[in-house]
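What follows is a pair of complexes built around chain A, which joins chain B in one and chain C in the other.
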Partner chain A sequence: MPAHSNKSLQHNWFSRFIEKRFLFLLLLPTIIILLAVVVYPLGYSIWLSFTNATLLNFLTGFSFVGLRNYLHTLTRAEFWNSFRVAILFSGISTALELVFGFFLAQLVYNIKGAKKRSIVIACLLTPLMLTPVVVALMWKLMLDYQIGIINYLMSVLGLGRYPWLGDQTLAFWSLIISDVWQQTPFVFLILLAGLESLPQEPFEAARVDGASRLQVFRFLTLPFMSGPILVAVTFRLIDSFKIFDKINVLTGGGPGTATEALNVHMHRIAFRWFRLGEAASIAQIILVIIVLLTWLALRVSRISTDS
Partner chain B sequence: MTRRLTRMVFLSLLLVSLVSMPLFAAPTTIVVMTRVGPEGDAIKAVVPEYERITGNKVVIDEAGRDGYFERQAISLMAGTDVDVILYMSDYAAAWASAGLLAPMSDYLHSDESMDLDDFYPAMIDAFSYKGEIYGLPTDVSTWLFHYNTKFLDETQVPETYDEYLELAKQFTKKYNPDSPTEYGTNVRGMRGSESPIAEWFQILWAMGGELFDENWRPRFNDEIGVAALEFHSGLFLEWGVVPPDVASLDAAGVIESFRQEKSAFLQHWNSDTVIFMDPERSPRVANNLGVTLIPGVRQPDGTIRRTPLTHGWGLGIPASSRNKEAAADFIKWVTGTEAARIYLLAGGTPARQSVLSNPEFVSVRPELPILAETLKYAKAKPSIPEWAQISDILQVAHSRVFVGELTPKEALDDAAQQVTELLKAAGYYN
Partner chain C sequence: MSRRNAKIVSTAVLALLVVGACLVSLFPVIWTFLTSIKSNVDAFAMPPKWIFQPTLSNYMNVFEKQPFGKYFFDSIVVAVVSTVVIMVVGSLGAYSVTRYQARGVEMGKYVLLFRMLPPMAIVLPVFILFRTYGMLDTYPGLIMVYTGFNLPFGIWMLMGFFQNLPMELEEAALVDGCSRYRAFWKVILPLASPGIAATSILVLIQCWNEYLFALILTARNVRTLPIGASMFVQEHQILWGELTAAAILIMLPIFVAGLFVQRYLVRGLTVGALK
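Our next item is the complex of A and B:
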């Protein structure tokens, strides 16, 4: 019967299509979502960065201005100040988080007993569970000159009181302290996983050969850990370079412009100055810096694994 | 055949009901965007009564305080389904010039019961742009002088800024070891809000200065402007009558300091007066709170020139709203005399002269007479689309002075140059 064979043919064609495109079909929802929430906004923002769009002319019409926003941004002292703040903040906080994270990971790694260890890990991870805004509000209260507990404790100990957030240098370091407090557990977690997956044989061999603790750390632990360290550093560098929430709550970018990191600066240009095009150009510059950072990290990791 | 007929009847009924649905549609639903806080709470308090009277439905879309302005800007630009927005008068000119708000004059002037003259004129001006009204004020904000009666009485209240400084010294341990408080008062210095510069404006205006001349050339960096900022920053840098972390003090910081009796007096927004009067929220100061006019500058004839700053919150209609008529009705009702009563009891401060001077409310809100008096001299900021940018330039300049990075003269000259460039680019002059 022709009708029947036609149907089976159709069926075959359909099932073959499904088989062939099965993976593609499974991925389709993700691809659509990514196109809608990543690719389209990114493209739009790149386009905006070449226009003179502001909040005020957004509906009434704006035009293409070529590279003017980029030239304007890159020649302003305020941009370079924010760039410096972001680089310093990201570099210093990542370095401190790495040192403390490694130290904690070693400590916990040496704890005997799974139960004891899991309790310690749970406690250490608590700061990571909090949202940055909550952390910033907590620190803001603790760092207050008149009613903050930090100054109270310091004055009890005879160390004096300090305007933690009211002084340009102290405010910068207060930000770093709050970030290190919250993000060290992240580094710790990655490094602990790294330590736990280390091969045991080289360490036993080193012990048999009578290597000192420092030698073991220098020649075995560090090289073996370079992978996890790079992962942690890359994540932290990128994340802290983009910091906005903590600064917005703790200092608002001040005092003066001492803590105005790039994202805070961009927010100011977009929403206090209404200049969407110019803010978009800053966003693209931030994107390029982050891509460069990631590329650098990957390169370093390849070199270190090759050696 | 019968089956087909039933099916057709059924389908046509469905079609008719679908088409006619809007005609019988339930009461209009208005979406109102408000901000968490006293202003939003007061609006929520009047909504049930409005719904009962009109049968309309009101959906409150409440957004957080932080980033409220950003969210609002994006929502207005995207043309989302919001019919009424609660917004600050500072943005009226900007939103109106950008075509984001619908003009309201037609709705208002056609209705005589509105009694527009009852609103504080400065507040209507604050929501106007090029002769058109883009919102009606729900809340009026200005500055009051709050003091703790445990430490000082009425006779000690400063009339002038010089007396203010002397009083602050008296309550600062550095000058007076017997002072009950370590520092006399507090000023706001944290960036990201206009309040720090608002205090400077008030001093500048009282001294006879102006922010701009009639051609929009900056005047805030003239002798008076510099002297006013020298005084304001001097409270910290020169005399040290405020805590050393003023550059990071936001609203919460100064409020907390006064509530915890860490400072003897505080000039701040009138919306905080309600917080200080509430024994639950401010157990230490609620029963010993004094409220009066902010200080000023004594004139040759002996009078005091006080220039408290005022701005307000109000309700406007987004240009994209599809229920403009209903939205206007809602706004008229909420800002009307009837709702003002509920609004006031809920902690809001309606911008109507007849309400604030009504003796009936004084027992619940004892600060009202002082507030009404303050609003007689209150001064508004310039209502131009570029205000937010100008304000930001001045905020950064102010902050740089407070940390000792620049002198008042240097910071204001730099700010004046930036403002001139900005206004030049906007076509105010060449």
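Our next item is the complex of A and C:
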């Protein structure tokens, strides 16, 4: 068989072409799909952001308006409110996930016994796999003012009942709680992998020298873990900045606009008011922020694209 | 002695913390499950009932009063077809990218950039384009978007597996007179198959969980499970019984799939090799 294909290879122009351009040909379907589904719509959206398109004038004709959408967006208090909500949401939830994730990673790292350990990891990873919409629905049930188990437990403990989803501040924290519950395992997983690949020698040396636990943590664990920590933080920052499903289902951006993060805001402009041009300008702003964060992630953290 | 006691105490504290953490992780799921098998009267009882007569009526309602079977069907069709296309195209693409990388052509970061793109940035133009070309609320439309948007994720994950295969393998095959095509098909793909299997399950879960595109791009004809479930939250009331039953039904396949891919999760979800 190999001899046969080898022979035909020398005589067949077509198979020689395949042989020469093999890697590019393999990549071609990917390039075509990404151009059609991602790049082309993105370009279309950028063009749209410079027009006054709405659903009403879309077929009858709309016109180029230059930077007017961007100026309009950037001077609206609503936009800056949603910008603030998005930043606060990603910042706070990422910080909490880092703290809890690190704690859990340390905890599990100290468990002896492979079987016990894998059971614990399976339990801790459960939230991560779940559908975000389902997570939001589960927390909606538990945080309900009337029938929610959280309010019941709090009242049993004498802490009183709270309108979790009905109060502006509490609604924001409800979102944080549901996101931290689901995404802490992600940070945990990366940090655990980091802990497992730590070099052993410096830690043994520190023990011999009689270093305290705090010293070991401060001067050995933290510096050695800076790589995994940065990876976890950048990925969480970017992904929590993109959040939409959980907010839309749990609070719908409310009460008022208290939890209307950038994505939810854009969704409202685009699909409730159908101000397409303006929404496209917000989309470009979101895009720029994400690209910048990704660039930062590649620069700062040691996410390597080659192993 | 006191040193031994201290050790026992610290072990106990550790165990307690671990059990507590597991409980916090699992409780919402358990609570949702309990609510789903309660009658409406029991579900709203305060204080909550821990012992009750379980019932499957919520599950029956989900399928009988709501077209949940149809949502299931739509979810499966869209997720499976998208995953198959992603895996076929993605395996080729990922192999190509890793070999380009090996030659010093830096491509991985573009894959990462595509993986990071916010869905919100393309859902609006896709909505308009689909509306223009009559592709809203169709299977091909949603499948196309899922494929394009999850392809970079699949490629990124597969890259990790292809990188672990030594180049010498295929070079040996080439020296033996194999064409590159045969070397890829007969040598590389079989070796990468565990990684391909793990990746396909993670991609499947991603498509299964997707919400935004389904919300905007589909309506009556095609309705996936996350949209169907969120519809139990209605203007004036929330159908808690049906809602929790739906939530459990959506989770079940993920639990089964999750058991298989757990050990690949670090690579799949961190989307980056840790150095």
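In the analysis below, the second predicted complex is superposed on the first by the 279 of 307 C-alpha atoms of A that agree within 3 Å, B and C clash if a C-alpha of one lies under 4 Å from a C-alpha of the other, contacts with A are read in each partner's own complex, and residues count from 1 in each chain.
Everything below uses one rule, namely that contacts are C-beta pairs under 8 Å (C-beta built on N, C-alpha and C of every residue); 3 or more make two chains touch, one makes a residue touch a chain.
Nothing here was measured: the structure is a model prediction, and the numbers come from that model.
Determine, for the superposed arrangement built on chain A, whether chain B and chain C clash or fit.
Chain B and chain C clash in the superposed model.
Would you check which partner chain A:Ile147 touches, where first means chain B only, second means chain C only, and both and neither mean what they say?
both
Kindly classify A:Pro163 by the partners it touches after superposition: chain B alone (first), chain C alone (second), both, or neither?
Once the two structures are laid over each other on A, A:Pro163 reaches chain B alone.
Examine A:Ile33 and indicate which partner it touches, taking first as chain B and second as chain C; both and neither are also allowed.
In the superposition, A:Ile33 contacts chain C only.
Which of the two partners, first being chain B and second being chain C, lies in contact with A:Leu292: first, second, both, or neither?
Touch status of A:Leu292: no partner.
By the touch definition at the top of the document, which applies to A:Met129: first (chain B), second (chain C), both, or neither?
second
Looking at A:Phe244 after the superposition, I want to know if it touches chain B, chain C, both of them or none. Which is it: first, second, both, neither?
second
When the two structures are overlaid on chain A, which partner does A:Phe271 contact: first (chain B), second (chain C), both, or neither?
both
Tell me which partner touches more residues of chain A in the superposed arrangement, chain B or chain C.
C
Going by the contact rule set out at the top, does A:Leu71 touch chain B (first), chain C (second), both, or neither?
neither
By the touch definition at the top of the document, which applies to A:Phe58: first (chain B), second (chain C), both, or neither?
both
Of the listed segments of chain B (58-66, 202-210 or 400-408), which one clashes with chain C in the superposed model?
58-66
Could you list which residues of chain A make contact with chain B in one structure and with chain C in the other?
Comparing the two interfaces on chain A, one with chain B and one with chain C, the shared residues are 58, 133, 146-147, 248-249, 271.
Where on chain A is chain B touching in the complex?
For this pair, the touching residues of chain A are 55-60, 133, 144-147, 162-168, 171, 248-258, 268, 271-274.
Quick check: in the complex, which residue numbers of chain B touch chain A?
66, 69-70, 73, 77, 94, 97-100, 182-183, 189-193, 243-250, 253, 256-257, 260, 262, 385, 388-389, 391-392, 396, 399-400, 402-403, 405
Quick check on the complex: what are the chain A residues that touch chain C?
So the residues of chain A in touch with chain C come to 2-3, 5-6, 9, 15, 18-19, 22-24, 26-27, 29-30, 33-34, 36-38, 41-42, 44-45, 48, 58, 104, 107-108, 110-111, 120-135, 137-142, 146-147, 149, 152, 156, 181, 185-186, 189-190, 193-194, 197, 227-228, 231-232, 235, 238, 241-242, 244-245, 248-249, 263, 266-267, 270-271, 276, 279-280, 283-284, 286-287, 290-291, 293-294, 298, 302-307.
Under the stated contact criterion, what part of chain C meets chain A in this complex?
14, 17-18, 21-22, 24-26, 28-29, 31-32, 35, 43-44, 46-48, 89-90, 92-93, 95-97, 99-102, 106-109, 111-114, 116-122, 124-129, 144-145, 147-149, 151-152, 155, 159-160, 163-164, 176-182, 184, 205, 208-209, 211-212, 215-216, 225-226, 229-230, 232-233, 238, 240, 243-244, 247, 250-251, 254-255, 257-259, 262, 265-266, 269-275
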